[in-house]
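The structures come next, written out as structure tokens.
In the two complexes that follow, subunit A is the common piece, with subunit B as its partner first and subunit C second.
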Partner chain A sequence: MARWGMVIDLDRCTGCAACEVACKSENNVAAVSVEQADMGRASSWMKVMAHVEGEFPDTTMHFYPRPCMHCDNPPCIRVCPVQATYIDDEGIVGQIYARCIGCRYCANACPYMVKYFNWYGPEWSEAERQHLNPDVSVRPAGVIEKCTFCHHRLQKAREDARAEGRELREEDYQPACVDVCPTNAIIFGDLDNPSHAVHTLKDDPRVLRLMEDLGTQPKVYYLRPRD
Partner chain B sequence: MRQAVREKLARMSNDEQILLRPLVETSRSFYIVAGLLAAVTLWGMFAYYLQVTYGLGRTGLNRPSYWGIYIICFVFFIGISHAGTLISAILRVSKAEWRRSITRSAELITVLVIGFGAIQPIIDLGRPDRVLNVIFNAQLRSPLLWDVTSIGLYFISCTIYLYVPMLPDLAIIRDSGIKAPRLYRFLAAGYRDTPAQRARLERVIGVLSIIVIPIAVSVHTVIGWIFAMTLRPMWHSTIFGPYFVMGAIYSGIAAILVAMVVLRRAFGLQQYFKDIHFDYLGRLLLLFSLLWFYFTFAEYLTAFYGGEPGEMRAFWAKLTGPFAIPFWTMVLGCFIIPLSLMSRRSMRTPRGTLIAGIAVMIGMWLERFNIVVPTSVNPRWEIESIGQYLPSWVELSIMAATFSGFTLLYMLATKFVPIVSIWEIKEGREHSVREVADRVAEYLPESA
Partner chain C sequence: MSPSRREFLWTMGAAAATVALKGAQDVFWESDESLDVGWAPGIEERRNSTCLICPSRCGIRGRLVDGRLIRINGNPLHPLSRGGLCPRGVAGVQLLYHPERLAGPLVRSGPRGSGQWETVTREQALERIAEQLGSLRAAGRPEGLALLAGYSAGTMQDLWRQFLHNFGSSNYVADEYEDGTEAVMAVMHGIDRRPSYDLDRARLVLSFGAPLFESWWSPLQAFVAFANPDAEEESGPRFVQIDTRFSRTASRAHEWVGVRPGTHAVLALGIAYVLIRDELIDADFVARHVAGFEDFVDAQGQPREGYRSLVMRNYRTEEVSAITGVPVARITALARAVAANRPAVAVCGTDVAFAPNGLLAGLAVHSINVLMGSVNRPGGVLFADDAPVGPLTSPVLDETARAGVGRGPIGTQRPVFGSGGEALRFAAAVAGAEAPIEALLLYYANPIASSTDPSVWHEALEKIPFVVSFSPFLDDTARYADVVLPDLLPYERWQDAPTPTSYPYPVWGLARPLVEPHEGAMHTGDVVLDLARRLGGSVAASLPYESFEGLLKERTRGLFAVRRGMTLGGQFEREHHRQMEERGWWLPEHTDFEAFWDELVERGGWTDLFYDHTDPYRIAQTDSGRIELMPAKLLSALAEEGSELRPYLDVATQTAADSTEFSLRLIPYRVSTLASGTLSLERWLAEQPGIFPDVLWHPWVEVAPETAHALGLSDDTLVWVVAPRGRYRARLKVFPGTAPETVCAPYGLRQPDGEPANPLRLLDSTNDPLTGLPSWSSTFVRLEQA
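Up next, the complex of A and B:
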């Protein structure tokens, strides 16, 4: 069984936020008004966080693209009263939009703050509406949504592989953020499969995981920037 | 009041005359207050209608402040509900005779306030239409589900615990025929106050008052655990269960003191809520103000001494940061005011306990605010510490409606049941005085 994971090389990340844009358009994440965004109500399943070190003028800036960590021990699924958030056999943490009651307990339990709530129903302009991704369900008001590692792409890739009578290859299933990254800073694959790049990269000496000490066992690895 | 009712009332005992009068006689000011409360409640319902129609966006909630006024009120109101359990169950079990005139008003607070507390998390839901999913798709590892279970059990047991000791009084009203004969024939459920029935009644009350105590303790423990089970700074604390139970009882005593002062004034119950009751409850309030300080000090010192960066951000946000005003007002209301007032005998009067009681209620509401909001806006991941939370008018209206709705229902209840238990007073006069004398004699060595 695969165990999907991601390695993000912070040395390669330029902070261009193409991953953010690709994610929003792939997953039908609706934009909100400026006022709503200022209130902290914008959703961004993939978010490029900027981290500034040092005192001006001797500062360095690092960018952390931050998707859901797809923890092997996710604090969000334990607290959900209705089993609306779950971890599947392949380690992907998902959300059942049709069952979620919108209590936002999971959002509070997640130390990475990657669970987003739909404060209002989604709104699109007519032009945007015509370009919604038919493979991803649109979320109603009042439920939590989150990064799925573009799980719909896995389903599609698996069907294609089966139709062609072959094994699933590494390049068959890549989330939108990985596809679009101009510097190949994001690498994705099966952490347990020795032929996948992430399998070796996850043991790189530069590797760090966010808030590992909490015991969440995140499956998103970062490669620390070299000085 | 009609002539026939007046005559019936005149034939009854003095206790019954005083305590049943509110059932058949309603003052003009009652209607005015009830009308105002009803207006506020309707306004809150309108606000909720807007929230349901347009979404939780109508609140001031955001990311990372996912929880706000509703969750604060949830913890606060369920806390108040501990009034009835403590006053009545613990005092009954410990055979404290001074409880007799205050049990009913306390138990009534419990039952009504649980309902208003329990709807808060439902008001807080993004999808209230799916609330039954907590039964159909129950996930037993979720503290929220523990909560649903224990609050459900608590509500049922407290309702029974209110109703059963009410039976003899309902029978008295039925037999007097002063009000709605059919209703009271139904409610009194064939109770005739025969010696066998009375003995059975007292046995059931004895059992219930023991059962209800651990259930009440479990309810507020589990509410504390909702926060404590997450890994968040200043929430992830083992003291939260007991801390919440203590705080709940504390705010409950304050609530009952306030209710007693109002009832005493409104219905002329000076003979039932006497200075000694305010003195005793005032002492209890004093004890709990010290307990409150002990728990709060232990909680904050532990966080401070450990000095973990995530914890310290929430810690300083409360002590000196943006939440310093609610924090120090809480200390004033929960500790300084009740301690300085209640440690003086001359202040343990209706007036003094009213001031202390209101201070404690405000302080305890703020305590819940200081638990929910500062941690919400200071998540462990510092990069995301951009939060602020200002409740919207929708949230404030719903909160006002909760307070007014509870008060309104409580007022209406005083029109249907005597707010002081008639039979327990009577039993006190007829049996307990002798019983207590015998009991005290039993404590003493045999006389030479």
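Up next, the complex of A and C:
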């Protein structure tokens, strides 16, 4: 059984945010109005966070692309009263929109703040509907949505592999953010498969996981910047 | 053991997730109209093309479902972008299906700028334009036609130029991104071309204010060199960013050297001082290819100091340190790094060129490349070829056209070198004269939004009786047009897309329609050909092409016949071709032009990755045949102008605030996702304009914590940025990377209500008299709580 995970090399990330836009495009994440954005209601399953240290002129800044950590011990599923959020056999933390009652317990429980609540239904103009990705459902008002590691791509890749009578290869299943990254800063694969790059990288001495002390066991690893 | 209820629900969860992702709208949400997007199983397809949003021209691969463009990804075959893409490229789907897109051609029905329009057919719009242009020629005043064109390198630019020439006008006015390097190359090398930078093979990249990872010619070129995705181990060059502002590029470079505003070039000469003093320069290269290094006797027989004497006498590290604020040890270390990591390349950016003496500062920065022999060598400054596409048919000028062209372009006041500030000079000439321009065409230019002085443009537009815009959106300038004939959007049209000169190899990218063209819009290339046909006579005779697509295909025959290069291919193919060509081989892969064209379209373009480093003409084409550190052209131009400026001496802009009222230095900068005034902003991009996660949609300015504290302003306050010339509203962001006493102001955003928020409008009117480029670092402002 695969255990999907991600390694993000902070030395390679230039903070361009192509991953952020690719994610929105792949997953039909609707932009909200300016007023809603001002209230902090914009969704971004993948968000590039800037971490600034020091004073001028000894300032340093690093960019942390932050998807869902797909924790092995996810705090969000423990608080969900209706089992709308769950972790599957391969370690992907998902959200069942049809079951979600919009209580937002999970959004509050998530220390990484990667769960977004739909205060309104998506507002797509007639023209904009043309570019919606038919592989991913749009979400109604009143539910939580989040990064799925582009789970629909896994389903598709698996079907293709099965049709061709072969094993799933590393390059068959890559989320949209990984695909687009111009500096190859994001690496994705099966953490338990020795032939996948992430398997070795997760044991790199530079590895760092966000808020590891909480015991969430995130499956997104960061490679600390070299000095 | 039977499953417990909890485990049962668990299994159901996984099953339901599949349903939710696949087609749950049919099951659960039938009543919600916003979710009914009419999905059905569709036919999926992937097509290669080229991105036309910025000058970088990266390869893209569109994912289509039933003819709709769903996703834009990178094209891994493209040698420049190698499968990567920037956020603007990815957001292209929102540009294509933008709700503000014009539905069809418009003709003004009320007073100018009143917003009253009449919808017309394409035929009617074309007729109207042809009639106006025809009357200009009939009256014998073809030079009354002018074109203001944004970045359009390639066949569109060639076509426009040819059309205007045949028509009888020399008023092709460029309104595009400039970084001042063209003039530096022209005076030092005698080569009228922007330099290419071989970042991939450099070991050290010394960027003087070039926004390499943000809004440079090609951020992707810099990204690829930075991350080196083709290499197994991380062996990309070391990036050193010399910048006033702690930019995104500065933060991600291996080293950031913060210099005082306007002193980049002083630091460059400080580095040169150490290189010469410690005998670290490439003395052999200097002896063979460089003039003006040692003292010399000028054309008037006067003894002059050469580069070495000037630098050794004036740029001792202590003095440089006092001016730039960079410690002596750091200057020495930088110079040693340059010498130890050869090839090293110095890149000159807008922060250097956009200054009152930008050309002289650019010369100083580039002199490092000359001293280190980083010219025409792997990893240095190169002069790339253009893709050898076939020419257009030769121009045919009738009597009217010849007379019109003979009367020359409007506004003869030109800078000595380069063509900076051309658009604004044109506007000023039109505004000041009595109706010299009777028809203005706007092609991807929106000067009302992008100009440093929109009021001059307002005046100019008042004076021009007929204005046509080809913008797909009703942008700020199109609002003042008489006819708007919208162009097709990038993913609907044929266009060639050569990579910018910063990339050392010619790549002739091809953009092709990914989706069915919008019926209300028309390819501006086809408009030009159609207008030529309608005008008839010699104008029609010189552009005998059926369609723009046909014209592109015709020019491609040049690539087919040239016996070098390849259609885009993977890493192995690229390397194979390069190695073959290095050994003087080339294998014909196509015997038939049609098959070649089909493959070129399918793969997304053509490239030739071989660069001839042995060609001496790529080092210097000056009269002396050498790279001139003390350029004869420049010295005589300065003498003619009666200018006091001296090369390598007057390289800093050390203006200080001259009043206590305006005491903060304004540093405007481009944001990669926003740097365009001509295309409407995509909503996804408005949601992540900068590095501050809480700034969405709104314009902002950055100040240092101590500056904010001194002003009594806190983070997120709404402030007025006030300059002698005007003011605008923005959010204040306190950022520890900002130098004290400065205000860093991104441009490209406007207030959500549409009100402009453009820091460029606050700039004082100082410019470099030699290049005509504006000064971006000599304006002072104050902040007031709004």
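Note that in this section the second predicted complex is superposed on the first by the 227 of 227 C-alpha atoms of A that agree within 3 Å, B and C clash if a C-alpha of one lies under 4 Å from a C-alpha of the other, contacts with A are read in each partner's own complex, and residues count from 1 in each chain.
Here is the rule we go by: a contact is a pair of C-beta atoms (placed from the backbone, for glycine too) under 8 Å apart; a residue touches a chain by one contact, two chains touch by 3 or more.
Since the structure is predicted, the reported quantities are computational estimates derived from the model, not experimental observations.
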Fit or clash between subunit C and subunit B when superposed on subunit A
fit
Does the superposition put A:His51 against subunit B (first), subunit C (second), both, or neither?
first
Going by the contact rule set out at the top, does A:Met39 touch subunit B (first), subunit C (second), both, or neither?
first
Looking at the overlay, does A:Ala18 come into contact with subunit B only (first), subunit C only (second), both, or neither?
second
Looking at the overlay, does A:Arg78 come into contact with subunit B only (first), subunit C only (second), both, or neither?
first
Subunit B or subunit C, by number of subunit A residues touched:
C
Just to be sure I read the superposition right, which of the two partners does A:Asn118 touch: subunit B = first, subunit C = second, or both, or neither?
first
Regarding the shared-chain residue A:Gly94, is it in contact with subunit B (first), subunit C (second), both, or neither?
second
On the overlay, how many Å separate the closest CA atoms of subunit B and subunit C?
7
Is there a shared patch on subunit A that both subunit B and subunit C touch, and which residues make it up?
40, 49, 83-84, 99, 121
Subunit B contact footprint on subunit A (complex, rising order)
36, 39-41, 49, 51, 64, 75, 78-84, 99-105, 107-109, 111-113, 116-121, 141-144, 210-211, 214
Give the list of subunit A residues in touch with subunit C in this complex.
12-18, 20-22, 24-26, 31, 34, 37-38, 40, 42, 44, 47-50, 52, 54-57, 59-63, 83-84, 86, 88-89, 94-99, 121-138, 140, 148, 151-152, 155, 176, 179-185
Which residues of subunit B touch subunit A in their complex?
54-57, 60-67, 121, 124-128, 130-131, 133-134, 136-139, 141-145, 148, 226, 229-232, 376, 379-381, 383-384, 386-388
Which of the residues in subunit C end up touching subunit A in this complex?
9-10, 13-14, 16-25, 27-29, 32, 34-35, 37-39, 42, 65, 68-74, 81, 84-87, 89-91, 93-94, 96-99, 101, 213, 219-220, 223-224, 226-227, 229, 246, 248-249, 251-252, 256, 258, 325, 672-673, 683-688, 691-694, 696-698, 704-705, 735-740, 752
